[in-house]
Structures are given as C-alpha cells and as structure tokens.
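Structures follow.
The same chain A turns up in both complexes below, where it pairs with chain B and then with chain C.
Right after this comes the complex of A and B.
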C-alpha cells in the first residue's frame, strides 16, 4: 500500500467513545444557533442596560450603581435562561422532525455522544453570550463610575485635595466594577447550564419544540418556588419524617433548586459571596448535568426514530 | 472473524409492529422478512407505498428496534453502533442542516466518521465533483433544490468510504437526467465492489442497476431472486432490425412459418420509452445551446 492509499484508507476500527465526534456535534450545534442569528439579542440587552443608565439619573450614585448592576444581572440571567431553554428545545425536536437525526445516527455515533454534543454546543453558546453580555455590562459600569467621579469632583464647592479625590474614588469604585462581580457572572452561567440540561431531558421524550419549552419553563418556575414551598412546609419546627425528607429530596432532584443560584441579589447589595457557596453551586451544577444527561440517555437510547 | 466472510446484510425473521399511542390498534409494518445480500451485490427492494421498505432499512441501520428477528451488517448486529462504521445511508426525502454549506456538511459528516482534516478535504473535493456540486459547495443547503439535496445526501452517505450503501428512494423527486446520474453512480459503486441496497417503486430503474431484487408487499417478501431470472421470458426471442425492407420482413415471416411451433408475435416499429425520449430531447437542447454560444 503506498502512502497515498494509506492516507485515503479510512480506519475501520470503531471507537466506542470519541471526544472528537462529540466536539464535532457541539461545534455544529453552536454554528446552528449562531447562524439562527441569536446574537441579535445583544442589541436588546444593550438597549436595556444603557436605558437603565439614563433613566435613573436623579438617584444618588450609590443607588444608581446598584440599579445598573441589578438590571444588568437580571437581564443577563433572564436572557441566559431563555437561551438555555428555547435554544435547547430547538435542537433535538427539530432534528427528529427534519429527519436530520437519521443521517447522524447512521454514522458510527452512539446516541449518548449525540446528546452530549448537543448539550456541549448549547453550553458553548451560553458561555459566549454571557461573556459578551458581561463585557458590555462591565464597560458601561466602568464608564459610569468614572463619570460619577468626574461629576462629583466638579460639583464639589471647594478645591479638592488629592486625598479627597482618593476617598471619593474609593467610595464610588467599591460599588462599581469589582472582581466579585465575576462570581455573579459564573452563577448566571451555572444556572443557565442547569436549565439547558432540564430542557435537553424534556426534549428527549417531547415530540415538539413548543411542548419542550412549556414543560421546561414549568420545571424552571417550580425550581424557583420550591425553596419557598419547602420552607413553608417544614416551618412548624418539628422534625420531618423520613418519608417527608425523601419526598423533599426527590423534589430537589426532579426540580433543581434554581433559587440557590441567585447570588447576584446579595452581590449587588454589597454582600460577600463565600467561596464555599460558589464551590457548592459548581458541584450542584455538575450533579444536575450528570443526572439529567444520564436520564436523557436512558430515554433516548431506546427511542424509536 | 469467525466465518469466512459474513454477508453484507443479513436479515432474519424480521417483524416490526408499531403500536399507535393511546389506541389498541397495531400496524404490522414488516412481517417475518428474511433476506441476505452478498458483498458486492446491488439489491433492489421494490414495493408499493407503505409496504415496509423504509421500516426494513431503519431496523437494519439501528434507528428502530425490531419487534422480532434480527438484522446484521457484515456480521455485526444492527443494534451495535460499530455496525454503522462501514455504512452510508441516504434517507428518503433527506433534509440536512440548512445553515451549513455543501462542503461544511460533508466536513461535519466526515468528522462523525472519524476522518482527519486532511482526509476530509480530499474526500469532499472528490465527492462534490462526483455528485456535480462543486460550483455550489459554498452555498448554504437552505438554497439547494430538491435534486441538489438528494445529491449532497448521496455524497454524505459516501463520505466515510462505506462498504455498504443503503439508499431509500434515491431518485424520488429527481428529474430523469439526475436520476440517470444516480443510476450511473450506483453502477460505479458496484464496479468498486461496494454493496448497495436501494428501494424504489420505479421498476425500470431497479431493472437497470440491480443484480437481485426483492418484492415486498404488506411487509412480506413475496418474490426474491436474480433479476435476470425473474424477468426473462424464457420461450421468446427478440430481433431488432434497422432499415429492413418490407420484402425482408415478409421473408422472415415466411421463414418463421416454415418452422414447427414457432410463431411471430409482433412486428412493427419499436417504441422508445418516454424516459429515453425526454433524455434525448434534453441532450439535443443542451447541444444546441452550446452551438448558440
């Protein structure tokens, strides 16, 4: 066999699991979503946070910066979650409907790889869009905090000393662009990742995009409300029975506690987010992604296409 | 390998029953079907709509599980992902990611087959040429016509250099010139020793390319065998003459009459098939266009 022929001859050995195949599917998924022009949402996002900036000029600077952060994080979290659910819901039901799935699964691609590739593609999209949003958010925040400082100095009745300026700066900047905000960004991503995993799971048995979106949104809202409900349920102070604890645990697995991920409220109010809380969120996300992928696989592996 | 060489396709006692959700009703799509396709053969599965052709192919490719019986490809069970390592499949009415261009599509499927970047480039170059889509390679599939989709589908099926190619109605919705190209392609695959299974309800096409055919009706294989054996009319012969004078025909008639038991059934001008006529008209039209320029 000459060199040419060796290059052309395609290895027949089947790899049981191939990260390259998953990556191919993930990249394809990412391209699909990008070419669906999802990134136009950035325009809406910019309008929102710039609007928030202009609307509240009559507040004190502390309030102004807090509102800017609240609105930005709120919008980021909302967009990321919508993306996660709607984006994911568009993937598998559409592949089934268009029968594109036939051409993929009749290549030597195990069904789990297809699922993981799709999940990874949507996570990639979430990461990129959240990064873009935070970049915009941080830029606006940076400009604003400098603007406020300039205004403050200008409006000061007397000549300001350097020490005075340093004090102002310290005061303003501590409520502005701080590294802790990155923890908030991470939390937004983790929450969206869990929402995507939920939607992926739903889409393995749902037959339409619309149904997937609706069911996922229901799970999403129950996931937000469950901590309230459980608090209320166990509020009497008595020890819950084993059955009750099991039930609560079950609900906790089926409906992820999305409320836990909302660390940004405390963050914008200046509270400290502990490293252990963040580590717990990362662990929780990994747990949900694994569980949901596994259950999705159990359903999808047997699915008649 | 245990046996000398397992057949390309082996289907044994395959039955597929679809249970309709929320109803008691059942649909028997395939009923105790067995067939075997040897390596290098071109097998035609023909039958009317709803007879179970696509269902049989889907079971063979592991897209659905059989209710009974089993299917295997080169000795590997269809339920095993590894069996798809040497298969290319073109589904009926294929539809691909419409936001990808032609060459991106082939690159994507190539990666799924485990090809390296270099192999992908060479392979897609070759295949785009083969299916005549080189000029449309950088256009998105959303803008492809039905025939172009069918062709990119074929290229996609071939990208992994398969030993078995399964084509579900490869010429549906394709014009006669296009379907002739697909026919030539199948013959080319056969020449290279690649096994092909194709389904169709266009009998003439199947007749042109297949070594063996199976006729499937209501999920059952009602006829199977070598095409030549199935369609030859043993006790008839055909003579086609050009520029024969009426006198010559008369003499032939007289000769036939002399022989005991022999009989002239027909004598007249043979008719071309509509397909041939259409193709001829097109090729004349295109050569005229060539002269105009």
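Right after this comes the complex of A and C.
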C-alpha cells in the first residue's frame, strides 16, 4: 500500500467527533487534578462534620441533626463550588504552561472535544468528591441518629416498650438520614457543574487564571441574585423605570440562575422536593452545560494559542 | 483604533454569535426558570426574601452567605449565637437573634418554638427571680407588672408570626395555649387555643384532652365542660387520671346543685323512675347523706349508683367512703377499697392509700395480707 492510500485509510478511520477521545481527555484531566492533591480537602471536611457532631450535643436532637445537615451540606456546596471554579480555571493555563495543549491539538483532535473532555474531567472530579463527602456525611448522620436513639432510651425513667422505641425511632430517624437527602447531594453537584461550565467559558477568553476565578465568582454570586432581578423585571404594582427594568432584564438574560439549585435549605428544614422538579433541574443543567460548551468552543476555536 | 472601528470588529468577530446564543438561551430559559421558581415556592422552598429588613439584621458576611446558597447554615450559626446570648441572659440579643433565625427559615417550626420558649419561659423565669430579689420595692413591682407580661406577650407574638408560615402546625397553637395555661392562668384563652390546636391534622389526642381539662376551670362553661369530658370518657377509649378527676369534680357539682335546688320528693321520683341515670341516683344519695343525714338510705342508693352500668369507677370509691361513716360497715368498706386498689388503682387518690393503711392497722389486718404501698 502506498503512502497516499495509507493516509486515505487513516483519514477514513478518523471520526469527526469521537466520544472515546473526549473520554481519554476527561480521564487525563481527572488524573491531572487528582495529582494536584485536591483530595486533602477531605481532611478539612471530616474535621468540620465530626466537629459539628461533637460540639452541639446540648441541643434537642432535632436541632442537633439539623446543624449537622446544615454544616455538611454547606461545606459540601462550598467545596464543590470552589473545586468547580478554581479547578476549571486552572485547566487551560496549566495545559498551556505544560505544553500539553499543543501536544493534544497538533493531533487530529477538534477543539470542541478538547473542551468537552476538560469539562467532563472536572465533572468527574466533582462527582467523586461529592460522593466521598456524602458517604462521610451519611455515615456520621447514621451513627449520630442511632446514638441519639440509644441516649433517648437510656434517659427514659421507666422501662421502654417496643412500641415506644418504634415511635422514638420514627421521630428521630425522620429527621435524620432520609432518601430525600440524596436529592440535596444531586442539587449540589448540578450547581457545581454549571459553575464549572461558566468558569470554562470565562477561561477561554481570560488573560489569567486569577481573572477567570474572579469573574466566575462574581457570576456565581450575581447568579444567586438573578431571580431577584427578574422579580424586579416582572414586578407587579408600582413599575420600576424603563432603564431599571432593562438592567434587571439584562441580568436575568446573561447570568445563570444559581438560586434555583438551592434545594438543601428546604430539605434540612424538612421540606420535600418533587421528583419531577428535580428532573427539570437536571434538564436545565444539561441546557446550561450545552450552551456554555457551545459558546466556549466559539471563542476557543479561533483562539490563537 | 477608534471606538466605532472596535465595535465593528467586535460584531464581525466571534463575539457576535456568542452574545446572540447567550441572549437566545437566556430568553428561552427564563420562562422555564420562572415556572420552576414558582413550583419551588409552592413546595415551601423559597420562604426567605433577602429584603432590606433582613439586610439590617444580618451582618454583611451572613447576608452574602444567605444570598449565596447557605441560608440554612447561616440560620444554624445564628441559632448558636442566640444560644450563647441565652447563656449570658442577654434577652434583648436573644430576641433579636431568634427573630433573624426564624425569618431565615420560617418553615422550620423549631426556630419559632425556641423563640417562644426563650421569651415566655426562660426570660420570664429569669425576671421572676429578679422580681423576687427586689422584693416589694418599685423595681420589683415594675418587673412583675411590666417586664414579665411583656415577655409572655413576646412569646405569644413569636408563635403567632410562626403560624403565618405554618398555619397547620398544632405545636405553635399548643404553645400559645400553654402560655395562657401555665404562665397567665387564663383557662378561657387556654381552652380556646387548645381547641384550635386539636383541630389540626397531626394533633395528638392529648391536645383535645388539654382543652377538656381547661374547660373545667372556665366560669359559666360547666355544661360545655361536662359535655366534652363525658364524651371523652365514653368515646375516646383513653381514660386518664386527669379526665377521671375532672369528671368526678364536674359530676360532684351537678349532683350538689341538684341536691340543693330540688326537694326530696323530686329527687326520689327522678332517681326511682324507669331508666333513671346514675346522676339522678347520686343526687338523691347526696341529699340523703348531707341534708336528711340518713346514712343507711344513702349507702343503699350509692350502692345502686356504683353498680350502674354507665357510672364511672370513682363512684365505687365514693360508696366505700360513705360506708366508712357507718362503723358496722368498716370491714366491707375496707374490702371494697382493697379490691379497688388492686383492680382499678387510678380511681383512688394518694390520701386514700394512707386511709387504707390506717384502716388496716385499726382492723388488725396481718402484715402479709396488707396492701403493698
């Protein structure tokens, strides 16, 4: 077979879009991030929730379990968002610095695949981190709720009947480890995923890592107030001026609505979120990821490296 | 490069499609997000609005935290701060911090309950101690008549504010009733709030029993109190000591009123009529015992009351104590009381057990056969 025929055969085998290539980049990105020793955060997370478990024993079990859930979800959300923004902001500059980016892009890898691989890598890291944090959180919550039950039975002045124990168990466990908490974990992941997509978009045109982190954090915080801006835009009764409405509408259109992902506040207070609403939240996240990947590619495709 | 040229470059380059995509995506997602936001509100997930008033109450960091998705965590932190203020007995600070905590998560009933508890129990108790310390001077009077009632009212106000968020929560209604009952000694108001609480879906049966109990203290509502307590006795299937005592007290009043308002002939006719109720018989018994002082006739009629199928168990106790007035019946009365103590101890009172012990000594009952205390 001559050279020309070989080239034709190779180019026929080469696909325009390959999920395997994206997966290879994602795995590589995941390894790259793990090597940055990001999992040391687990030590801080463990200290936080074990501390929250031990420090507040003088409250009623309801308050104690709520504080434990609040601290755990709060820390989980904070760590996930920091990972998402900082981790993503580091990716492209690090690849440029290590020259890995040139090695990849000189091969027949489309830039969209490179970006999707990077995004998938960070999502994989977020998923693993949140999974580890959830496991630790659920284990501590499980141990604590059983501890509370044992303490309650021991503190009862009379012999406790099986029916009473069942009542105590139901009362305590209904405020402890419940399947609904998994929806809270999912919401934390979805929010972090959107934050990562935003950071990826910013990093495609950013001049430095610091710029990406700062801009992404600003977007993250404004995104939490985005629904307030829309409330202003759709205000009933006394209408704001046209300029104010335009500005409020602009915020609503440009910034993602991060407040929508705040499910844990209600869950820790005992509210129940419907499965259909969570499914729509997943759909909305997919929409955000698609849009931000698309605009990231538009910028990155013509970027001079 | 002049500015129009820069703008022209911007729109001819890659940024124009980016802006267009973001704008179109924004317009597409906003209606969906508004719908979801409404649904979240309906499911109780958006119960805090970061208005100016909450900005005044929260520190800057806490406000940003609450806005940035850590509202529940900020509420927990303020709850801990309120606990510290409680330890220091800084009641003004406790009130402020409890207001913030409850407003951050108004659907979490425990925050309202804690606020009520801190105001109407802890602060109130603290100032009661202060009033006692000051004795009869003006400061003592001021604390007792102005400060203490103010904290009770603050407790009630917290519970009522909580009810705006949790209108179906019986616990907040009950806690208002508890304040009227335990702190203000107002059985009418207490009964009113216990009744409201008992009508809520998750209210346990003891809330309605508390309503029935409070009714027995309400002036001019004796008939209603008797109707409610009697209905509980007949139909609830849960006869508590309080219910028995209340019913006994109410029936005692009815019987005494009948005995003092009716003549012997009227009472006798009512008691001996076909299908006469045990209350008519008891009225006649009371008349015989207290007006005509006819002990054998009173014992006879109380004997009929005690075996009446509708009569509560405390009439057997009553019969035993009437029999004790007759020295010839002491032995029988003791046997009756002993049987009651073994079979239905709830119908006896603490002083009855002492009376039985005295009887055992007087009758020379061997120690082995005596009732164990």
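Definition applied: the second predicted complex is superposed on the first by the 268 of 305 C-alpha atoms of A that agree within 3 Å, B and C clash if a C-alpha of one lies under 4 Å from a C-alpha of the other, contacts with A are read in each partner's own complex, and residues count from 1 in each chain.
Simple rule for what comes next: a contact is a pair of C-beta atoms (placed from the backbone, for glycine too) under 8 Å apart; a residue touches a chain by one contact, two chains touch by 3 or more.
Keep in mind that what you see is a predicted model, and the values were worked out from it rather than measured.
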* Which superposed partner A:99 touches (first chain B, second chain C, both, neither) -> first
* Could you say whether A:274 touches chain B, chain C, both of them, or neither, answering first, second, both or neither? => second
* In the three-chain superposition, say which chain, chain B or chain C, touches more residues of chain A. => C
* Asked: Between chain B (first) and chain C (second), which does A:295 come into contact with in this model arrangement: first, second, both, or neither?
  -> second
* For A:31, decide between first (touching chain B), second (touching chain C), both and neither. => first
* Considering only the touch criterion stated at the top, classify A:73 as touching first (chain B), second (chain C), both, or neither. => second
* Asked: Overlap of the chain B and chain C footprints on chain A, residue-wise?
  -> 302
* Along chain A, where are the residues that touch chain B in the complex? -> 7-16, 18, 20-21, 24-25, 28, 31-32, 35-36, 98-100, 102-110, 302, 304-305
* **Interfacial residue positions of chain C with respect to chain A in the complex** => 13-15, 17-18, 21-23, 25-27, 29-30, 32-34, 36-37, 39-40, 43-45, 47-48, 50, 64, 67-73, 75-76, 79-80, 83, 105, 107-108, 110, 114
* Asked: Given the complex with chain A, which residues does chain B contribute to the contact?
  -> 58, 61-65, 81-82, 84-89, 91, 93-97, 99-100, 108-109, 111-115, 118-119, 122-123, 153, 156, 160-161, 166
* **For the chain A and chain C complex, residues of the former touching the latter** => 56, 59-60, 62-63, 66-67, 69-71, 73-74, 77-78, 191, 220-221, 224-225, 227-228, 230, 234, 252-254, 257-266, 268-274, 277, 280-281, 284, 287-288, 291, 294-295, 298-299, 301-302
